[in-house]
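First chain written, first letter: the chains are A, B and C, and each begins at residue 1.
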């Protein structure tokens, strides 16, 4: 009947509706990012000295750069650990808080778990440096109760990585927890009522109703967590900054390496090539996650 | 009988776990506040103490006097609100379109949008700065808020949430003669209230703690955000612990208030039965 | 819906209100500093200047040094920078060489060479046939030592040579029953981000006869530590850490440790004096020149003040700068902020009366030499990469009594330094 007109009004709505968003993106994101792509093929400094086209030169140099490889390995390991633990823990928390009997207490818990997300980084870093302190730190204290000997968490390379992982998980679980809560609340009670009528029991409800219906949200958290983990920077920067008297060991991550190359050594082209590689890795992982989790109902 | 006891003990276990976790969550925040009310001579104690011997509001007085934090607060509030409003609008509309409409290029466009979030601002900041400079927007409100008018994660988030809204609802509205825009305003938006509330919090949070861009774009005190204002307490080699914790507490409080206000929006889930009529 | 429109409207009104704050008629000068602790100083000077020149408005913004340098790296090349900028010469060098900074006007150039400033300063601020900037304050390193702890061990004062460093720190260190270090004899800089580890190591490298990079007659450079001096300096750290165990990775370090009396001595700049006054006023300590070995010296880091290219009123800006550099303000800077004033032609003894620990910063023994960051753009990269290698070396217990191991570490680090120089076309080929 009016199918063609309907389709046209659909398309009109889509394209016009998307217009403001796309416009903003193109101007403030796509153009600068595309420029970064372009710069990755140059030896470029904002000082305008010695800028020249070098094709894939930066990329070749990167893979021979020991620091870059370290950053790559560290960031990947970091991401695997952080994504896994933060997603699992925050999902568990959300499920707990979603329980009907928790309703009264939920606001307080939510606030408490959200606190780390909003607390500014500098006081957080100072506090965690204390928690990780070899002599009087809380972490070693608790470990000693379990019979584990104290360690210098922020000094040795592997330990420092785990220390940053723990701190990063701590900082973000409130955030993902809120997202899961939103998703859980949106699952209509009707589904649960129907399941109850059919005689389903706790675990079954979770597996066959909650989890599948939560899938879009789980995909969201997975993708966002992956992207944020690969982009980690502030924690590392502040924890090991040379400001605070007793500095910790640097855990070299992707964005730190990019930052150092771009802003301290002024090798913008080199840093841009690194950024491109970061983008490609994260893009690949994201597409993979979409394939696995993205089958919408 | 047995069922109820198991249910009760499950709840108690949950509380224990949540409280233990909660202590870990709240510890740094408590330390931050406690340090902010300590005088300088007490700040450096080892091991750190949680109870100040002679608490004082001196740090807060200094922070509020040394810099026009009222103005900084207004600036930050303005920028965050504009950012949040813009993000809420663009994300909900775009999220809706990506979730419920099929059109050529949809998936590629969506992925491209998401991809822009995969590179942190630090990486393309200089290119963006040169662009903003060409607009003449250095040291202006527009210049500061430009990069945070949209949030790729916001679009993604709204899309995922709107996916779960049944298509039957939309079709029914269309049969009733609703235009697409009215579907958006009268069905999608109300049903997404909780997601919008959460998104608003995230957008505010993001904008509130926005640092590196305001740092390079703002060149005069009257435009300072709170985060920028706080850096003055980070001296070359040391951090003025008392002052910076006081400043950080002042900076954090508004976000917590916004969180509590918006939270109510989030947690009221929406039942579809109410709308079927 | 209506509520939202109301909200948006009020936000827009707020926008217009806040955006419309404009002042007419006055000359506005902006000054950026990388040292927030200098704010009280700048504010006082600006206030006094504005009293004399009411038609000039001075706004001062201070940032943490890293943020400051980052901001400058974007604003200087785009001419969006403040009128007056305070920055170290070696950080400014790359901008000078790229042509973004105007040279000093003749009267400033004359002032710089008038004898108020050292030859060291003049050399570092010269590029080609011009000078750029003029020093405001500087940083030098001395040895801070805890008088109470030293008296306890019957030690006369801070160590004056390396043997005494080893001997004293052994006597001053304290351990618990398990053998853990509870008080370090000396607090070395052995970990942390940035280039600090390399800089502090330099203070031992130099007396041993080496330096980070040495300038060759043709104006090019090469690594100056791939020799006995470098190996001895590394060996000193390794021995202090593992052979004598007077410092380790677990105990607290730096100024915080000194304030908490967890260490007996350490090397740092003059800001520690103000720090101690504020956080640990009861600790009895003093300063002393850095220990000597085959020679003696201390680092000098100049922080200078420049007028930038986009400044619309350079004469007024330079006038303000000359005002800031007056003797009374140099003394005021010294007393209130604690950084060392840059002018050599002022008598600072009134300051020493009030704060005796400052004396050793400016009254230097005759045979002390000054060394500083070489004014080449890649020096930061060289130091930072060297620092990373040193951090790893300091964790390597296998370097104890292992001269080949130490030599290898030093040599590999020097190779990297040289390749960075080569990349920047500054390497002196043999």
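Just so it is clear, a residue touches a chain if its C-beta (ideal position, glycine included) is under 8 Å from a C-beta of that chain, and two chains touch if they have at least 3 such contacts.
Please read these numbers as outputs of a predicted model, since none were measured by experiment.
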Which two chains meet at the most C-beta pairs?
A-B
Considering only mean CA positions as chain centres, point out the chain farthest from chain B.
C
At what distance in angstrom does the C-alpha mean of chain C lie from that of chain B?
37
As a quick test, compute the distance in whole Å between the mean CA positions of chain A and chain B.
15
Can you list the chain A residues in contact with two or more other chains?
46, 242-243, 245
Multi-chain touching residues of chain B, meaning two or more other chains, are 46, 125-126, 234-238
Out of chain C, which residues touch more than one other chain, so two or more?
64, 70, 74, 252, 255-256
Residues on chain B engaged by chain A in the complex (per definition of touch)
7, 11, 14-15, 17-18, 21-22, 24-29, 31-32, 35, 46-48, 86, 89-91, 93-94, 96-97, 101, 103, 109, 111-120, 122-128, 131, 146-147, 149-150, 152-153, 155-157, 160-161, 163-164, 174, 179-181, 184, 194-195, 197-198, 201-202, 205, 208-209, 227, 230, 234-239, 241, 244-245, 248, 251-252, 255-256, 259-260, 263, 266-273
Under the definition above, what is the set of chain B residues touching chain C in their complex?
40-41, 43-46, 74-75, 78, 81-82, 85, 125-126, 129-130, 133, 138-141, 185, 215-216, 219-222, 231-238
What does chain C use to touch chain A in their complex?
64, 66, 70, 73-74, 77, 94-95, 97-98, 100, 180, 191-194, 196, 249-257, 377-378, 380-381, 384, 388, 391, 395
Complex contact set, residues of chain A against chain B
6, 9-11, 13-15, 17-18, 20-22, 24-25, 27-33, 35-36, 39, 46, 93, 96-97, 99, 101-102, 105-107, 109-120, 122-124, 126-128, 130-131, 136, 138, 170, 174-175, 178-179, 181-183, 185-190, 213, 216-217, 219-220, 223-224, 227, 230-231, 233, 242-245, 255, 258-259, 262, 268, 271-272, 275, 278-279, 282-283, 286-287, 296-297
In the complex, chain C touches chain B at residues 1, 7-8, 11, 14-15, 18-19, 21, 30, 34-37, 39, 59, 61-65, 67, 70-71, 74-75, 78, 80, 82, 252, 255-256, 259-260, 262, 269, 271, 275, 278-281
